[in-house]
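Given below, in the form of structure tokens, are the structures.
Next come two complexes built around chain A: one with chain B, the other with chain C.
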Partner chain A sequence: MTGEPAQVVVIPCSGIGKTYGSVAREAAYALCDDLRPGGTRLVALAKLVLGEEAARERVRTCPVVTIDGCKLMCASKLVTHSGGQVAHEVAVLEVYRRHKELKPEGIEELNEGGLALARVLAEEVAEVVDEIRRTRTAPGGIRA
Partner chain B sequence: MSDHLAATFDKFTFRVAVGRLYSPEGAWAARIQEETGKRVRVGITDFVQQRAGDVAFLSVKAPGSRLQAGDELAEMETVKVNLSIPAPVGGTIVEVNPALELTPEVVNKDPYGEGWLAVIEVASWEQESAKLLEARAYLSVMQSQIEQEVKSR
Partner chain C sequence: MLSVLQPKVGIVSCSGEELAQGTVARLATLEVLHELRPTHTVTICLPLFLAGGEGDREFARHHPTITIDGCDLRCAARGTEMYSGMPAASLVVDELVAAAGLAPPEGRRALNEAGRQAVKVVAERLAQLVDEVLDRRQHPPPAASPATSGGETDPPTCPCRSGRGPVR
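Up next, the complex of A and B:
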């Protein structure tokens, strides 16, 4: 007997005004809206910053994937600070280093390279989400 | 005595390592064998790496390349800018830091140590070093550059 797979919470860098932060957000949108809409739940980093209880509860009870724009790793740190555990963290720069041809530019509107990089990042994280969901169940389920 | 000088502006502290020489553009040079060596390890300052941001890629000229002081030693792409790093001394590149290819972020983490860029063999250290600045003199240059940057905002 097995429980329902856990919904994976995805938290991107808020990254307002930064190119790599925008890539992080676009990747999270692509992941949660297009690639894995049923298995993921996007939570705005700002909600954790503000200490919103529903968001804090969600990161405490669900597996969390963070997508950070820079080495400050704000999303990852805030999940931990909120009492959650990060199941997987990724930084945009790590992915860009493997895809030098996709140079991101722009802030309010990313260039083609930035959008393509976001897509690649989203696809990579989607595989991680699948793996997490294979091994974790929703709160109250049987699988650990 | 500390092995670094430092200047703090706003929330940022920029360190300048003592015991090496600097170009005004923010490249450092340190002789590998203190007394007699013609081989000079070179890199960028803490100020340059902090101002440039997280390094994505760093491409240093290949071993065997001959450079004059001021020639482009490396191209650096960060999350903010693309930068050309001028060589602080002239000579022949004999070694490039192998860590830069897979882990260029070492330049951000340790610009005066593990994040060195290259080793250059110089014809005359006395001649090449004459144009460079001691750490304290570079600290003043760096402070002026920061003040100018703050004013221009």
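Up next, the complex of A and C:
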């Protein structure tokens, strides 16, 4: 007998002033809305940190993937600070270093490079999400 | 590094990714920052602020801040109060949208027409507040006169409730 696969919480860094923050957010939307809508749940970082109980509970009981814009890794740090366990963390900058042809520009609206970079990042994280869901079950369930 | 020498207002936006109202808050902030009041505003990155970014917190301790939240959880306002002091003014998108008689915005990833209208309304009110806050700073009134139009919560006041307005 196996339990239901765990839902994976996805938390982008929320940075609003820089392009990499916009890429992080767009990647989170691509992951949660397009690629893995059934197995992921987007949670806003500020809500989590400022103590919304439902958000904190979700982060404490579900595997969490963080997508940060820069090396400061605010989302990852704040999830840990809130009592959650980061199952996977990724920084946009790190993915960009592997895909230099996808140069992101723009903040309010990303250019084509930025959108493509977000998509590549989302696809990479989607594979990680699949792996996490294969090996973990929902709270109270039995590990597969 | 944020300058502490120029008369600037820090805008702290909730950026809530879960709701269209968060997208309105974020885009209105950027509109003010880049188009409407570029020389008098900076944006404070809320996650960095919450994670302990000392530059951002230091700025918010010495400059007036305006917070803009998507919903009544008021994460940006509460975070600012918690880590730097009372904001000079606070806006909530939901309340401004209702006061302007607009339909609720939809589309957290790509706003619908109502959402785009909301961005304009919120940005204009935000820019107006920037002017008011800077004017108050240059010409402090004998007693605080709280802002009153729709969408604002918790009129600016000092932590001791003496009525003299935020100490900046």
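One rule holds for everything that comes next: the second predicted complex is superposed on the first by the 143 of 144 C-alpha atoms of A that agree within 3 Å, B and C clash if a C-alpha of one lies under 4 Å from a C-alpha of the other, contacts with A are read in each partner's own complex, and residues count from 1 in each chain.
Here, a contact is a pair of C-beta atoms (placed from the backbone, for glycine too) under 8 Å apart; a residue touches a chain by one contact, two chains touch by 3 or more.
These numbers were taken from a predicted model, which means no experiment stands behind them.
S.K.: With the two structures laid over each other on chain A, which partner does A:Tyr96 touch: chain B (first), chain C (second), both, or neither?
M.R.: first
S.K.: Per the overlay, which chain contacts more chain A residues, chain B or chain C?
M.R.: C
S.K.: Once the shared chain is lined up, is A:Lys47 touching chain B (first), chain C (second), both, or neither of them?
M.R.: The second partner, chain C, only.
S.K.: Determine, under the contact definition given at the top, whether A:Arg134 touches first (chain B), second (chain C), both, or neither.
M.R.: Neither partner.
S.K.: One more residue to check, A:Lys71. First (chain B), second (chain C), both or neither?
M.R.: Only chain B; A:Lys71 stays clear of chain C.
S.K.: After lining up the shared chain so the two structures overlap, which partner does A:Cys13 touch, if you call chain B first and chain C second: first, second, both or neither?
M.R.: Second partner only, chain C.
S.K.: List the residues of chain A that touch chain B in one complex and chain C in the other.
M.R.: No residue sits in both footprints.
S.K.: What residues of chain A sit close enough to touch chain C in their complex?
M.R.: Against chain C, chain A makes touches at 12-17, 21, 25-26, 28-29, 33, 42-47, 49-50, 52, 72, 74-75, 77-78, 81, 107-108.
S.K.: Touching residues of chain B toward chain A in the complex: what are they?
M.R.: 53-54, 56-57, 79, 104-105, 108
S.K.: Over in the complex, which chain A residues touch chain B? Could you list them?
M.R.: Going by the criterion above, the answer is residues 18-20, 70-71, 93, 96-97, 100.
S.K.: Which residues of chain C touch chain A once you look at their complex with the stated criterion?
M.R.: 13-19, 22, 26-27, 29-30, 33-34, 43, 45-48, 50-51, 53, 73, 75-76, 78-79, 82, 108-109
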